[in-house]
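What follows is a structure written as structure tokens; I'll ask about it next.
Chain naming follows the written order as A, B, C and D, and within any one chain the residues start at number 1.
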Amino acid sequence: MVPLRSEMTNYQDIIEELYHKLLERKNVGEVADYIPKLGKVDPEKFGICLTDMDNIHYSIGDYDEKFSIQSIAKVLSLCLLYNKKGEEIWQRVDVEPSGTPFNSLVQLEADKGIPRNPFINPGAIVICDMLISEFENPKKELRDYIRRATNSKNIHFNESTAASERSNGFMNIASINFIRSFGNIQNKLDEVLDLYFLLCSIEMTCIEASQAFLFLANEGKCNHTGDTLIIKSRAKRVNAIMLTCGFYDEAGEFAFRVGLPGKSGVGGGIVSILPGEFSIAVWSPRLNSKGNSHRGMKFLEEFTSATSSIF
Amino acid sequence: MVPLRSEMTNYQDIIEELYHKLLERKNVGEVADYIPKLGKVDPEKFGICLTDMDNIHYSIGDYDEKFSIQSIAKVLSLCLLYNKKGEEIWQRVDVEPSGTPFNSLVQLEADKGIPRNPFINPGAIVICDMLISEFENPKKELRDYIRRATNSKNIHFNESTAASERSNGFMNIASINFIRSFGNIQNKLDEVLDLYFLLCSIEMTCIEASQAFLFLANEGKCNHTGDTLIIKSRAKRVNAIMLTCGFYDEAGEFAFRVGLPGKSGVGGGIVSILPGEFSIAVWSPRLNSKGNSHRGMKFLEEFTSATSSIF
Amino acid sequence: MVPLRSEMTNYQDIIEELYHKLLERKNVGEVADYIPKLGKVDPEKFGICLTDMDNIHYSIGDYDEKFSIQSIAKVLSLCLLYNKKGEEIWQRVDVEPSGTPFNSLVQLEADKGIPRNPFINPGAIVICDMLISEFENPKKELRDYIRRATNSKNIHFNESTAASERSNGFMNIASINFIRSFGNIQNKLDEVLDLYFLLCSIEMTCIEASQAFLFLANEGKCNHTGDTLIIKSRAKRVNAIMLTCGFYDEAGEFAFRVGLPGKSGVGGGIVSILPGEFSIAVWSPRLNSKGNSHRGMKFLEEFTSATSSIF
Amino acid sequence: MVPLRSEMTNYQDIIEELYHKLLERKNVGEVADYIPKLGKVDPEKFGICLTDMDNIHYSIGDYDEKFSIQSIAKVLSLCLLYNKKGEEIWQRVDVEPSGTPFNSLVQLEADKGIPRNPFINPGAIVICDMLISEFENPKKELRDYIRRATNSKNIHFNESTAASERSNGFMNIASINFIRSFGNIQNKLDEVLDLYFLLCSIEMTCIEASQAFLFLANEGKCNHTGDTLIIKSRAKRVNAIMLTCGFYDEAGEFAFRVGLPGKSGVGGGIVSILPGEFSIAVWSPRLNSKGNSHRGMKFLEEFTSATSSIF
């Protein structure tokens, strides 16, 4: 990919222009409401923050308001584990797009309990199982790792969101038992599910979310402290998985329209990166039929067109 | 993506070093033999050719020997059609990874006859159907388009290969009838299949194959003549589809290990590009369990590591 | 099963009473119209004929009008082949209910090209393939066998119906090619399809249809001539397959409500037998959502309740 | 079905002859060992008991030894519920054969959480859920109902077997959560699973098992006490479901070879009935590849041939 031309890097102008342009268009789609917490969010919230390699933020709208990042956090749990254990983790989770809606057990059955990739729910559950095997206090490790990535102490699990998800999480309980029936879970199922639902309960602002992913645009190094959060070759690989698997059954569409690695969550957030250039977080709660933020997808599509990255 | 550092662009040295390194390693996998033509190829053939933006070739081994490019040609038929008709083609074929082995009809059934992407067999068949609707002489248009891309008149369909594929192509005949039962084929099935099997019968050398894809690394323009073979935004999109869907059920693995858009064929060829930098073709007939060239995949993995492209 | 009590065998009274009762109820469902021939039938046709072991007919309504028996004929092609070749035919077709709508290829893929039973379309196609291997003139053999069963020369293939089915039979062409890709078809596909579509084109009246199945209630012997059409143990087995597989995805419902072996066709016909007692044919073209005659199913349910057969 | 001829009803002779004949043949297949309890059973156990309508037992071998009846008990839980609530239970469980191995979730997904029939695990779980909604003390009701059917107080749940099944029952926990995600479970999942695993833990001898099912051959009435355990029309329907769905993915094969309603369990037991004639229980722990008793299936096949029941 060629570098962005300097005359194009006036990120603030582009972001503001697109923000207002999209506000004028009809916003469509439903807010996720399978737990009350998510359903109560104002559907018209819209925030954007881009952080460049000089740690400068370009932002607009509701960029400084916390939202539930949900599945976006699955990238960070993967990085923590992958950095620690290396390539052996791919024995227990694959790196292929799933090709079916994100909750389907059919593919899991065909693949004998090996989830297709670490970003579908069953895959993230297996990652949590491996974190528990690896760390004495996986919950603390996970929180601290995310705080280091974000360079902020103000990152918390939302225990009540986690409890609410847990009490409605029948599909995920079905999944973990199904995977266990193939022998691909090694710890107590309740403990694994607790960690999984905590992971999904994390809240961030757009600023924090864009900061949290900046190391993946920076060869694995935290851009504030210089800490290596994940070695360079592995950062590259996490980016490849985001590119092919980051958007449920719309991964190809995102690669097609946006062309950048990214990850979405049902809370309406999307984080995406351009290696060597920036990390960007967008939040808008209305979801399209594939479960991704309607306005977030549109914004990123137009943003990459406007900034002319060839891909 | 950052540009390659100048001290790294000594492509010939890297290619030669990797070529010899891989020759020393055991070559594994089976040669496709579902038609006699493919089964008779010497399994130890190994050729490489990289063409850079100055049209300079860097090559080694059996780089100047014709091989059956098979599914690699599906990228070129897509470009011809997409350039002519634009975005409306996505009404009839999707852009999502398939998530199941390349011949499966299950997904096609779930998707009501809309193939998951233009590179699986059912998708390429629908592309051929649209080419027939679009052009008076689609066979000639296709051949001429590929000749223009390759800047060579020495590109031919192999009618005997096509006939041999045709007489064994029960799965493809099943597919086209299945798609037709959903209404997603508009021309005579025999005519569509004839074009499809001709498309797969094309033969190229590694030099020709790398030249044939160079326009996709050059914003859609032929690097010899300056002709626009496909407009820039569409070239970007074809590249995105190659990245997520170019390697059957191993697309994620390729994005993960190589990180470049590419397309493989059961003849053992792989073509891959780095936009703004180069197009590279590798040929080695032994296939891994996913149907991609074993040595070709290894070569490209080590090549991108050696040339340090970040993404 | 206990024999019917003599005071209950006044079949004519029961049939007439139920006929009028059902005529008074609203008739619902659509007539099959995927070929014009079927779509043009008067949807309110309603005929019944029961033939007992003394060859006496009890009938009412449109019992003497020809209709397209469609899939009902698959029982007769099975009998012809099974009688000739015996148990070896089960190497190539199974005897299990299909559990999925009658056209699905999914199950066929899972079962490696072995159709679940001889009454789903793929199974009947494999039976036709075996008939071609077995007989010099399978078309004539089939017609003559059915004429012997029916004890009538007035049984014909309807060539124009067959041609019409053929030109719309994309799913069946897909199926046969799919099965062929697994090696489970041995003759020319066109020849097999020709025989299959001819088989489905047969027309009978209710009288003829009830006569045609009477041998299956008579230990395999024609009740007029005493000819053995199929040996006793095999007749028993064909009846078992009708019981578990005769009604597409409604086989369990039919066993549950009616409890007799039977076979339905999309022309709105159903034939059912009570071994040692009778064969009955019902015709009413409106189909329920599972593809079986709405009124035919209701009639047979109430008929078996009224005649108190325990099971 | 014609009545058995009187000279054929010397059941004891036939049973003894077939017993010895089968003992001479090689016994094949594996004993279920997914829980230690089942795995420790002597694989060569072989017992038979037929009970006729005069309550006379004809038996041989290990007919008086308790074994784990497992899924056979699912017929009795269905009868208890169906007798109480009637036809409305079919809103929540279907009556169609499953067409896929007994543990598959694929079909359940396609059917939106409605199990295909009450004898596959998901179906029996939904029946347990309805029993809990219906009765104050469902465990006691179930035990008492089975004791009434068996006319014996010596019928117990085996709590340690149930606990052992529970701790290995990941697929069943997956199933219940999956069904719950579609809304088709109304009570606490743990409570439903407890009842389900208790149900499967019941132990009986062949004598008790044949007695327990005799009411289904007797129009729903207990043959000892005259009590109505289920009304006649519903007994007929339960028999129809046993005929089409009683043998996992081998239901068609059983209907084909034996032709009687029956139910098998992974403990190696099979119970089958001939309405108006008898109930028969066979026990032999080695299972064929479909999960049914190898020797039990053979015995019943030869037994029905020997007794000449036509259907």
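Going forward, a residue touches a chain if its C-beta (ideal position, glycine included) is under 8 Å from a C-beta of that chain, and two chains touch if they have at least 3 such contacts.
Remember, it's a predicted structure, so these values are computed and weren't measured experimentally.
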**Request:** With residue numbering as the guide, point to the option in A-D, A-B or B-C that repeats C-D in over half of the contact pairs.
**Result:** A-B
**Prompt:** Which pair wins on C-beta contacts, A-B or B-C?
**Reply:** A-B
**Asked** What is the distance in Å between the mean C-alpha positions of subunit B and subunit D?
**Response** 56
**Prompt:** Using mean CA coordinates as chain centres, what's the subunit B-subunit C distance in Å?
**Reply:** 49
**Item:** For subunit A paired with subunit B, centre-to-centre distance based on mean C-alpha positions, whole Å
**Value:** 31
**Asked** Touching two or more other chains, which residues of subunit C qualify?
**Response** none
**Item:** In the complex with subunit D, residue positions of subunit A that touch it
**Value:** 104-106, 109, 170-171, 173-178, 180-181
**Prompt:** Taking the complex as given, what residues does subunit C use to touch subunit D?
**Reply:** 1-3, 94-100, 107, 110, 116-117, 219, 232-233, 236-237, 239-241, 243-245, 249-253, 255-256, 259, 261, 275-276, 305, 310-311
